[in-house]
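One chain, chain A, links the two complexes that follow: it is found with chain B in the first and with chain C in the second.
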Partner chain A sequence: MAFQWSVLYFLVLLQVSFTPIFAGSSGEEEFSEELLLRPLPDRKVLAHFHFESRAPPTEIYGHHHRLFPKAIYQLVQKFQIREMELSFTQGRWNYERWGGFNPITSANAKPPGVELWAILDVPPDQVDASWKNLTHTLSGLFCASINFLESSTAYSSPDWAFQPSSRSLRYGALPREAVCTENLTPWLKLLPCRDKAGLAAILDRPSIYRGFYHSQRLRLTSTEVGSEKGMESGIVLEQTLTIVLEPDAQRPNTNHLGGRVLQPSWSLRSIFGREISGRCVLAKYSTVFIEVERNLVSELKKLGRRRGVAEIASDSWTDPFFDLSVTPDKTIKEMNVTHGDSSSILYEFSTEKYLDYEPFDVGLTWKLPVVWSSPQAPFRASRFLIGSGNQRGSIAISLKSTEPGEGFMSDLAREGCTVRVDVFQVVPWYVKVYFHTLQVFVDGRHRRVTDALEKIHVSPSEDKVSPGLMEMVLRFPCSMKSATLTIEFDKGFLHIDEYPPDANQGFDIPSAVVRFPDFQASTYYLKDNSRKSALLSKFQEKNLLLSYTEILLVPLATPDFSMPYNVITITCTVFALYFGSLLNVLRRRVGEEERFLKEASMRKGMLPQLLSKLSAKLRGKYKDSPQSSSSSSSLLNPKLMFKVALVAGIAVGWHYYFE
Partner chain B sequence: MEKTRWFWVWVITSLFFRLVLIYFPENLNLGFRPEVATPLTSLRRLAEGYWLKQSSMSPYAGSMYHGSPMLLSILGPLTVKRIEGQPSHLMCSLLFVVADLVTAMLIRATGQTLQLAYSQSLRSLNLVSLLESSETLSAGDIAALVYLWNPLTIITCVGSSTSPIENLLIVLSLYGACLRIAPLAAFGWVLAMHLSLYPVILIIPVILLLGYGPDAPPRKLFLQKNSSENGNSPSCHGNYPCNEVTSQEKLPLHPFLWRPVMHFMLWASFWLFYVFVLCSISLKQHGGLLEMLKRTHGFILTMEDLSPNIGVLWYFFAEVFDFFRDFFLIVFHINILFMILPLAIRLKHRPCFLAFVYIAISSMLKSYPSVGDSALYLGILGLFINELAEMKFSFFLFCGYIGVSLLSPVMHNLWIWRGTGNANFYFATAIAYACLQLFSPDMDKWHGPALVCFCPPESVFQLLQGWSMGLNRRGNLL
Partner chain C sequence: MANTLSLYRTVKRLGIPDDRIILMLADDMACNARNKYPAQVFNNENHRLNLYGDNVEVDYRGYEVTVENFLRVLTGRHETAVPRSKRLLSDEGSHILLYMTGHGGDEFLKFQDSEELQSHDLADAVKQMKQKRRFKELLIMVDTCQAATLFSQLHSPGVLAIGSSMKGENSYSHHLDSDVGVSVVDRFTFYTLAFFERLNMYNNASLSSLFNSYNPSLLMSTAYYRTDLYKRPLDKVPVTDFFGSVMETIHTDSAYRGFSVKGTDKAEIKAPLNLKASQAERRALSAYHQDQISDFNKEVCSFHCIWSTLHKTVVEKIEDADTFVNYGLVVIIPLVAASTWLWR
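Then we have the complex of A and B:
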């Protein structure tokens, strides 16, 4: 009996101790891969890869992982990262054409070069040290010069305008970093199947780098450290790759239909040169979406009505306009919250049933020409320089109203409504910004700064120590057409060693971030709960609408790099001249010189007197060189002879003594 | 009477000229010129510091403002005060015009004091006849007019820079010392030192002025005078001391007075304390005095800002190797200090002239020179116009100043604005300017009073004549 009880007890104990490990999906490592394709209005295609790895909390799961990359896990453990985002971008996101008001844009449109921000969960005085180590580690991990963000002139700690307040946030950007395949390969290595299987297998390097824009991003969210226990989801590693590609126009003669240009048809094969041959077996799910965006849907509906196509009852309503080469597994409609009658549509394809010999190659073939435009953010932000020359200039940030669609115009057009705009800008120290010269122009007219400016926080730049940081909250009336902010700056002059190798190219100022906190770029999809999708849940998250401005190229005056020695010698000569002449003047007593001369002439005979007169005359003309005559006259002085003999004797004695 | 009327006419004309120029600041853009506004004196940076302070940050946050917090509280409100339709820095510019006028008046008063002292010592040497030959205007008037009409002063005043205030304080200190008003001298000296550090070396001439008075011919001059009157033989000269006993009782005149010097010291420490208290009150939340000293005087000494100016050091430190930087910083600053003592020993009986030499040297070797400094020493140079009447190479120097002041903006424009020239061109003009400055004090001062005062006793008459008439050439006298 006792034995039975003990076995039971043991079993219960076993059950209790092992339950957390096997309990539910939250205790498992997870990996999922998704790809979203979207035709863009300007005959291009957006491909957005989303890979997500989750590691359960260490306390429950332990230190060993099957799927989660070890490098990242160690990174999180070592630097106590709570949140981190690293992006490598080549090209500039075209907000006007590719849209500025959807979750992909606000999360994945990044400034050119490298951008890194991290929230580190360490005591405030260690944040900087951790950040420096982190940059070095990442630099090694991704084969990029992220270590340049180590220097305190390169990063800043924004207060509230970049991310909702966090004291230990550090932000840095390297606008000039060239991004290429050596950065992509280590990034792909973090995936459990690398680029050997699954969606990542179609990432053909030449076709990616031929694109107009590509941005690889790595976002890390961790609840490992610091936060209260209980509701922990461990570490979430989100890797996204956003590419804008132009499909080849394969059939040029059919591109024109009825005088209007047909959108190019494309397939995975035509844009990537590869097909998807099944999923990565380690992935929990592997899904491809094709998105037809909101404005395109409404445009198609309009066209459809004109052509007499019946109201959308089935999926076949799109048939007159385009064809999908593979029948979608599912059609998901956007849950329409605010944006009028049209809502975007997602076609979902699961790649699980495809194999090597039967690859998945979805394509979209347009049948009728259609023109649409992507949804825009309320204002289009751009930034430019004013002024010429290398002494000073002004930075201007201009916001132009994009005439937003009916959707949110309706609730904004009320009287007295305002739009809030947050501006976050970092300028390097050699751009010395005069914050008191901030000026605001609304609709071309000068306004008082206090009218538009609700809140401002600046931390001015220190020479060679820290960059300047400007965070502003502005409020503009909804009816405003355009607004411009200008701020003057002086260009600094650097030490010769501080210039980069190609100094005359100029210096890059990182992008400013313009946020519109009144708007949410979230998209909700009507969905049955059969399967959750990391990408779609990402879309539903609270996405603040933001856009990055252009990078500015500021030329600085350069010294002559070839002549440090000349400058040193010439300057030192001037100083020597100063010192010598002053010393000469101090030492000299004109009156005594004259007296000496007189005495000498009195003492001497006829010829020397003549000579000295001659020399005096010469001196009268040339005004100096009294030494020569005095020395010549006193050369035979016995006193002097004695002195010379004495010195010579001492020298000889010295010499013999030391031999 | 006629003369003074003309003087005032010229003064008022110069003020009008400034006022006219002030109305076109946008067209002139003088406030941006590197010659006029250095990182220390730029009014734009002061406005930035004021803005930072208004938004409850330290005015020294960021590397913009490097001036005194007191200047900030005086000039700061004026930079934001705007009259509709008028140029932005109008109030400040008006203040600078007043400062220039006061400076000129103080220079004039100093000149008159000096003249009085000279005539007294001449009279005591029985050389009254030399006094009769007065010229058109007195030296003080000429110096004031030189200061007011100097184009460098005018552009400094019109282009927004705080150097008129610094100049005013320096001159105030000299004026106070000349009149032996210890509190005034101490006030000027302490504030000038607080604003720009370099006037700290003026403590020596100020003390000498307070101790000896504006003019103290060397004792041996009187000795010689007396002895020659007593009919001493010419054998008593040179290296062999005369018997001083004979004339000891007759010796006047210029003992070193410790009382005003002690007063000066007390007042200086009082003002210094006062200034520090005021500064620490205004910087209470922002790091206090240490921060202020680091950002003002430390900034001057470490030469952090490498933006071009009319000196040579900016380019030097932009090019020099980093590991030599500290060494050269020390060398260049030692260069100023090194000459202080020898000069003080040789010129101790002419403290005003000593002050001029110090000002000239520091304006030549300071880390952020501007034309405002040259304006000051050229103005003070006017005080010694009689002695310098026979200055050599004056035409050459004049042409040099004109040439440099024309070429330097051209080269700056070519380098910075057009991008066709390079930094070396501009640096070349800076070198030329440095050589000119180096040349001018050397030439002009040493052929003037220095020569005159250091001749040995046997040429007393020649000396005195040269001293009073400005004829110091041997040929003219013997």
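Then we have the complex of A and C:
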């Protein structure tokens, strides 16, 4: 009896001792998909897809994966990627209308074209070679020309302005890269259910590309390599697709109220043309959220008070203003809200229970008109070019204070309060920036650069080798209305091979990144740190407030591309004429023969001269003698004469003899 | 672009997977801001078929479509970093279909409006491919103006080429889509597609029926093809050899064949020996034959040769008139002497 108990105890002990090994990681592959829909103030709808796939570390789980895409796993292993982000974007994120201060904007508002940055865990002298191979592999994987980032003129290594300090970070952007179905196809093939089942099945390609903005992003974080082994789950692959669409524009409703027009009603079917018809059984959870952001909530509250509607419980007080076609499973309110602010509301629909019976479609119908604006970042950053001509110009970055509203900065508007702004800019080598010409204007007045500039890191460009990098930390007073930074540049000359086929369009300067480290765009929805929703836990992370400026198009001096052809033609003609004439002149013996004859005859005297002329005439009738024998014939001339004379003499003698 | 995409769709429909297709599109038309129908490319006015579809993979696009990259793909000379999806991974048993369309002319094809691919460059690349054993059979289809001139310089065996027009002729587009604002497909490709839309994977239509289906009056140009480098008769070659991927399956009732297999093996083994023997014999024969002929030459030569040597010497020596006179004199004197002595 005691022996059995001891054995049992021993077994329990063994099991207990084993579990801590697995306790650190989840030990299982996970895949989740979520969709967030949010109405935007300018009659558009934001649709944000979030697909997250986790793979446990290789030491525990091994190399074979069920859900995690093999291509990405091999990518991480081969290039020792610690972190990587690749985004394909078309369209410009409209910060004024669509918001600049929420987690989706700070993570998903990307510059147009392709942006790639990666932290590779290899020795510093091998980072560039690994980056080059990584760009080629990604270009083959995603059907884009990412391999143009391989040359050292296309990427740069920022120190601290882009990501908190990392030695082996490489950043590159292609502003003019087109994004189309061929980039989405392989991106969707990384998902376990592809685009056949689950949320990805509603992605109707024409609807996506008809939108005002679409951005597909791939974010890889791995603790496979380097330090922190076995700490957290091995590889996390996050794929997001952010689309801003306009629902089918119906005739503006006659339900005017004070001259305002009703916002368009929309549903999944009206914006995508499809409904969610099948479940992705490989997904751990598949959720649809509809978010009503806090400014809209406060606007609705104000309108409700005006109309005398009492503020009831959170899930029913919005009834007067809009209707949801499906009753939400859960209503989540934002927590940790600063005083006086309203809180955003999230309606959650978990698709599992619906899809057993019928396709799932959720829609929002507006009943009364409402106008609101999205929360903004403290400053609206934009960038433009100054100057004209093909020789020089200036780049200006302007920061305009947005009306923050509702005590956003009121507590910061004390005396001596400053706002920190980080600026990160990369210019190609043919835009030769003069860093000593940096000027700062605050509220229209010229200031000393050292007043505003706290820290600056500059990596000057090298012709045809590396681009120019500029990282700055600026400090401005909180009450400032506007600030402008200008910097002058000279335009460089490119070799004729370096011009693209459409050279007269101009050349692009990639977007600059403006960061506001004093603020965080996080929204707290979850009570505890439970991993029930990957999207909401992303919202809760320390999201830095980022803003991308516009891309600048710089016209450079272009050569006349027909010149090589012209030069070759002219040179060949000149050479042909010269050498042709030269050879002709060398070969021809036009006057030489006559001259020689004249000389010979002048030596002989009159009679042989006449005789030789006679013979020449006779001979001229016989033959068109070749030039080679002309010399021989001229030599034999006297001999022949002698022979003829001899024969004539013999004939005469013969005649006399026989007479 | 609709030309290439239509053929891409046909070829995928008949069984060739994406990793066996290298698609090079120089322009971004589908998602261009000026396209009224984003992510959609049509090859017909009725907009019935969206060629771009949901599942397209473009390997080279935009500025990457250059003559250099095209020739690198054909010859396989890539940098080490280039991924597999951008390489032509073919071997000596492969059948390759190469379809080119765009603006072209006498012995060239335009790339990106700034470069040309010349016919002798293409011929050299194909020659390299043959030397490196990168294909067994190659079908080149060209749909440009004066397309037949592009493959006029080819000289490698195993290559079949068809062009939409001959030298001096233009290739025309089929119809204009006034909604989109451009002509959507060219005539040659349109009729090629019409032929393939009638087919499915298991038809065994032959290449000769494809080539004969082109009507010059409908095409408004002559579709010219050259078969001088291609050994197999065209009516025996199924179109799915190039345009589709059909695996030949032989249905067997039992899992094993048992001893009967040996017999066939034996037969197979024998045949080459026979061949070899006959070849050897032929060689011997030919050698013998050659010797005989040379002997014959020698025999006959005796009479013949003297005359020819005489002739040669005489003719060669007499290069100009004065030597002729000399010889004449030399000959005349004894004759005159003899004649006078006779008539004395």
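Note that the second predicted complex is superposed on the first by the 515 of 659 C-alpha atoms of A that agree within 3 Å, B and C clash if a C-alpha of one lies under 4 Å from a C-alpha of the other, contacts with A are read in each partner's own complex, and residues count from 1 in each chain.
By our rule, a residue touches a chain if its C-beta (ideal position, glycine included) is under 8 Å from a C-beta of that chain, and two chains touch if they have at least 3 such contacts.
The shown structure was predicted, so the numbers you read here are calculated from the model rather than taken from an experiment.
A.B. asks: Thinking of the overlay built on chain A, is A:557 touched by chain B (first), by chain C (second), by both, or by neither?
C.D. replies: first
A.B. asks: After the superposition on A, what does A:648 contact: first (chain B), second (chain C), both or neither?
C.D. replies: In the superposition, A:648 contacts neither chain B nor chain C.
A.B. asks: With the two structures laid over each other on chain A, which partner does A:139 touch: chain B (first), chain C (second), both, or neither?
C.D. replies: Second partner only.
A.B. asks: In the overlay, answer first, second, both or neither for which of chain B and chain C A:568 touches.
C.D. replies: In the superposed model, A:568 contacts chain B only, not chain C.
A.B. asks: Looking at A:436 after the superposition, I want to know if it touches chain B, chain C, both of them or none. Which is it: first, second, both, neither?
C.D. replies: After superposition on chain A, A:436 lies in contact with chain B alone.
A.B. asks: Need the overlap of the two footprints on chain A, from chain B and from chain C, as residue ranges.
C.D. replies: none
A.B. asks: Which of the residues in chain A come into contact with chain B in the complex?
C.D. replies: So the residues of chain A in touch with chain B come to 388-392, 429, 432, 434-436, 456, 458-464, 468, 490, 492-497, 557-560, 563-564, 567-568, 570-571, 574-575, 577-579, 581-582, 585-586, 589-592, 594-595, 620.
A.B. asks: Considering only the defined contacts, which chain B positions touch chain A in the complex?
C.D. replies: 32, 34, 44, 47-48, 50-52, 55, 57, 61-64, 238, 304-308, 312-322, 331-332, 335, 338-339, 342-343, 346, 364-365, 415-417, 419, 422-424, 427, 431, 434-435, 438, 442, 446, 450-451, 454-456, 458-459, 474-475
A.B. asks: In the complex formed with chain A, which residues of chain C make contact?
C.D. replies: Interface residues on the chain C side: 28, 30-32, 37-40, 50, 52-59, 61-64, 79, 81-86, 112-115, 319-322, 325-326, 329, 340.
A.B. asks: Inside the complex, what are the residues of chain A that reach chain C?
C.D. replies: Answer in residue numbers: 90, 132-133, 136-137, 139-141, 143-145, 147-148, 150, 177-182, 185-186, 195, 205-206, 208-210, 500-501, 561, 619, 622-623, 625-626, 629, 632-633, 636, 640, 643, 647, 654.
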